[in-house]
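The structures considered in this document are given below.
Here chain A shows up in two complexes: once beside chain B, once beside chain C.
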Partner chain A sequence: MEALGIDVLFKGSNFMRLLGGLWVTVELSLISVAISMVLGVLFGIIMTSKNKAVKIISRIYLEVVRIMPQMVLLFIVFFGATRAFDLNFSAETACVIVFAFWGTAEMGDLVRGAVTAIPKHQYESSYALGLTKSQTYYYIVIPQTLRRLIPLSINLVTRMMKTTSLIMMIGVVEVMKVGQQIIEANRMTSPNAAFGVYATIFLFYFIACWPISLLASKLEKKWSD
Partner chain B sequence: MAGQLLKETLLKIDHLRKAYGDTVVLKDISLTVHKGEVIVVIGPSGCGKSTLLRCINGLEPIQGGSITLQDKPIDGQSKDIAQIRQKLGMVFQNYELFPHKTVLQNIMLAPLKVQKRDKEEVRQMAEQWLERVGLLDKKDSYPRQLSGGQKQRVAIVRALCMEPEIMLFDEVTAALDPEMVREVLDVILALAKAGRTMVIVTHEMSFARAVADRVLFLDGGEIVEEALPEVFFDHPSTDRAKKFLSTFTYDAVRHHDVPQNY
Partner chain C sequence: MKKRKLLKKLIALPLIAAMTAGILAGCGASESSGFRTVDQIKQSGTVRIGVFSDKNPFGYIDENGEYQGYDIYLAERIGKDLGVNIEYVSTEAASRTEFLQTGKVDIILANFTVTDQRKEEVDFALPYMNVALGVVSPSDKVVDDLSKLGENDEVIVISGTTAETYFTENYPDIKLQKYDTYASAKTALENKNGVAWANDNTEVIAYAMQNEGYTVGIPSLGSEDTIAPAVTKGNETLLNWLNDEITALGEEKFFHADYEATLMDTYGAEYEDQLVVEGGKTE
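For the complex of A and B:
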C-alpha cells in the first residue's frame, strides 16, 4: 500500500477533499453542458439556415472554436478579457463561459448534422401520405433527429467533462488541483503519493464518464438504422 | 374504349407547365385519367415523367395550367393539400419507409393520425394487405431488416391503406435488384386486375405493355405519343418513339456460322 501511495488517501480528510474536487468538476461540467445543449440546439437550427451571411458567421464561429485549444480560450477569457475589458469574474465563471462557448459550437454542429441528415424524401413521403408539416416534424423528422443526436451529444458531454481538468490552470480547485495539493502536502511522508492519488482520480473520471458513454453506445445500437 | 365515356373522370391535367428557373421540364401537358384506368408513362431519363407525378401530388409548384382531382385543384401551397393527398397514393423509387417505425407502424401512421380511423379496423386492413403481398410475417420488422423488394411492397401497402382514389408509382423498381423486380410488379399487376386507377412511371417495357390501358410517351417535356399499348409498342407512329423503343433491343454483333450438323 505504501509503495503505491494509496495510504495518503486515508490520512485526515484527504479522500473527502478529493471527492469535493470531483464535485467541482462535475458541477462545472454539468452547468456548461446544460447551457451548451440549449444554446447548441438553437445554434444548430440557425446553422441550417440558407442565408449566406448566417452560414459564414456560424462557420467562422465553429472553426475558431475547433482550431483554438481550450486552454488558450481559458487564458484569453480569464486573463485577457478581464484586463482588456475591465471585466471581473471568477475563474469558475470564466470556465463556464469558455466551456459553454465551446459546447454550443460543437452541439450546434451535431444538431445541424442530424437535421440535414434526414433525406428530403422522408419529408416528401410523409407529405404524400397526407401528413401536415407539423405532423411530419412531430412523427417523422424530430424522432429521427433525436435518435441520431442523443448518442453523439452524450459523447460530447463526456468530452467536456474530461476537458474540465484544464481549469486548474486558471486556479479553479477541481479534482486534479486537489490531488496535486494532497501530493504536495505529503511529499515528505509519502513520496509515492502521486501514483495513488492520480490513480484514484482516474477512477473518479472513469466512474463519472463510463455510465454516460455506456448509455450512448447502448442507445446507438438500439437506434441504429 | 367507348365505355370510358361513361366513366367518371378522376384526374384532369390541363396545359400543365413546369419549369425550374429557365429550364422548362414540362411544356404543355394535358391528360385525363378516368376511374379504373391504368396509365403508363414512359420516356427517356430526364423527360419529365417523374416530375409529372410529383406535380400531380403537389410536391412541385407548377408554373402554368392546372391539375384537378375530382374537380378540386391540386396546389402544394394550399391548406387542403393534405386532404387531397390522402386520395393520391404515391410510391417512390427509394421506398422511403420511415426507418424508426416497424412495418405495421409505417402503414398505420397516416390512417390513424391523418384520417383518425379506428385502430383495430386499420390494423386488420393492414394485415390483410400484408398477407396479400406475402409479408404478414414481417409486420413487426424494421425497414432495415427487409430486402428492397420487400420494402417496396410495404410502401405500396402503406399507400393502399389510405384508401386512395389513384395510385402513383414513380419508377418503383428502378432501385431494385433484377430478381426482386418481379415480386413488386406482380403486386401492381394484381391491383390493375382489381380495377384500381393508377398512373405508373416505369422503365420495364414488357410490364408496361401488360398493365397499361394507355401508354403515354413523354420526351423533352411533352407528350409525344398517346396510344394503346399494342399500338405503341408494335407500331409507334413517331420517330422519337421508335428511336426510344429501339434502345431496348440489341443487334447481334457477332455472326456465328451455325455448323451444318449442329
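For the complex of A and C:
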C-alpha cells in the first residue's frame, strides 16, 4: 500500500475531499452538457440552413471554437470579460459559459451532419404518405437523427468531462486539483503518492464516464428496434 | 421555401434570446471590477487572498482540508489584523497576475517573486522572504565554488528554470546537463551523471535535508530575489496598509516565528536567517 502511495488517501478527510472534487467536475460538466445538448440541437438545425449569411456566421462560430484552445476561452471569459466589459463572472459560471459555448458548436456540427445524412427519399416518402412537415420531422427525421447522434455525442460528453481539468487555472478546485494538493501536501512523507492518487483519479473519471456509455448503448439498442 | 425560412428564423430567435439571457444572468451577479480599498474590504467583512494550494511548504492544504504554509501563516495574520474573514482563492503560477489585474483577489500571497517585469503589472509590498539559486552535490565531493569545477564536470539543471538561464548567461563555459522534470534531474544526480545540481535554493536545501549524503555547497548564487505580497496596481491604501503591517510585524519577529512553524521541517534551522526577511528589510 505504501509503495503505491495509496495510504495518503486515507489520511484525514483526503478521500472525501477527492470525492468532493469529483462532484465539482461532474456537476459542472453535466450542466454544460445539458445546455450544449439543447442549444446544440437548435444550432445544428440552423446550420442546415441554405441562407448564405447564416451559413457563414455558423461556420465562423464553429471554427473559432475549434481553433481556440479551451484554456484561452476560459481566460477570455473569466479575466477578459472583466477587463473589457466589467463583467465579473464567478469561476464556475465562466466554466459553464465556456464549456456550453464549445459544446454547442460541436454538438451543432454533429446534429447538422446527422440531419443532412438522412436520405432525401425519407422526406419524400413521408410527404407522399400525407404527413405534414412537422409530423415528418417528429416521426421520421428526428428519431433517425438521434440514433446516429448517440455514439458521436457520447464522445463529446466524455471529452468535455475530461477537459474540465483545465478549470483549475481559474481557481476552481476540481478533482485533479484536489489530487495535486494531496500529492504535494505529502511529498515529504509519501513521495510515491502521485501514483496512487492519479490511479484513483483515473478510476473516478472512469466511474463518471462509464454510466454515460452504458446509457448510450442501451438507448442505441432500444431505438434500433 | 418562404415558410421554411420563417421556421428557421423562429428557431433562431429564441436561441439568440437564450444566449443573451445567459450572458445577462451572469451579469446579475457582477460587482464592479477593479481593486477594493482597505475600507471597502473592511466593510465587506472578507478579504480575498490568492494563494497556492499545492506548494508545500508555502501554501498547501493539509489532510483536513485546511490551508497551511509560510504564506498562509502571514495571510491568517493579515485577516486578523484587518478584522475580516479570509476567502482563499487557489491560484496557479500562470494566472496570479491576472487575478490581481481583474480585481478578483485583493492580495496575492503565492510565493510571488519580485521581478522588474511583474512590477509593471502589479504593486509589490515589502518582501518577506529571500530566494536565490543553490547548488547541491554529493557530500564526499562537495562543489562549493564554481570556478573550481573541472573541464569535464557537468552541472545538472532543469530546463526552463532560472538556474538554466543564469548558468547560460554567467557561466557559458560550464557544461550543463538539462532535464525536463524534477524527478529525472534527481535521478541524474543520484546516478552521478553530473557533479552537482543547480536549482532554486529552497529546492536544493530541501533536497539535501531529505536525502542523506548530499550537501548544499553553494546555498546562495546569483542575484538575490525576494518574495513579497502583491496588490492590484494603484491600490495604494492596501499597499500602504500591508507595508505598515510588515514593518510592524518585524518588531515581534513574526516571520521568524512563521519560519519556525512552517518551514523548519523542510529547510532546517541553519537557513533561517538566510531565507527570512524580517520587517521588509533586506541586507
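Everything that follows uses one rule, which is that the second predicted complex is superposed on the first by the 213 of 225 C-alpha atoms of A that agree within 3 Å, B and C clash if a C-alpha of one lies under 4 Å from a C-alpha of the other, contacts with A are read in each partner's own complex, and residues count from 1 in each chain.
Going forward, a residue touches a chain if its C-beta (ideal position, glycine included) is under 8 Å from a C-beta of that chain, and two chains touch if they have at least 3 such contacts.
From a predicted model like this one, the values you see are computed outputs, not experimental measurements.
> Based on the shared chain A superposition, would you classify chain B and chain C as clashing or fitting together?
fit
> Any idea whether chain B or chain C touches more of chain A?
C
> Output check: A:G130 vs chain B and chain C. Expected answer is one of first, second, both, neither. What do you get?
So A:G130 only meets chain B here.
> Does the superposition put A:K11 against chain B (first), chain C (second), both, or neither?
It touches chain C, and chain B stays clear.
> Once chain A of both complexes is superposed, is A:G171 in touch with chain B (first), chain C (second), both, or neither?
Second partner only.
> In the combined three-chain arrangement, what's the angle at chain A toward chain B and chain C (CA centres, steps of 10°)?
160
> Please give the least Cα distance, whole angstrom, that chain B and chain C reach in the superposed model.
Minimum over all C-alpha pairs: 11 Å.
> Considering only the contact definition stated at the top, list the common interface residues of chain A for chain B and chain C.
none
> Using the touch definition up top, name the residues of chain A that touch chain B in the complex.
119, 121-122, 124-132, 135, 139-140, 143-144, 147, 223, 225
> Can you name the residues of chain C that touch chain A in the complex?
Its residues touching chain A are 5, 8, 11-12, 14-15, 18-19, 22-23, 26-27, 29-33, 50, 53-56, 60-65, 68, 89-92, 94-95, 98-99, 101-104, 210, 265-266.
> In the complex formed with chain C, which residues of chain A make contact?
Interface residues on chain A, with respect to chain C: 8, 11-14, 17, 39, 42-43, 45-46, 49, 51, 54, 75, 79, 82-83, 86-90, 93, 97, 100, 168-171, 173, 177, 180-188.
> Applying the document's contact rule, which stretches of chain B touch chain A when the two form their complex?
The contact residues of chain B facing chain A are 57-59, 81-83, 85-86, 88, 90, 92, 94, 96-100, 109-110, 113-115, 142-144, 155, 158-159, 162.
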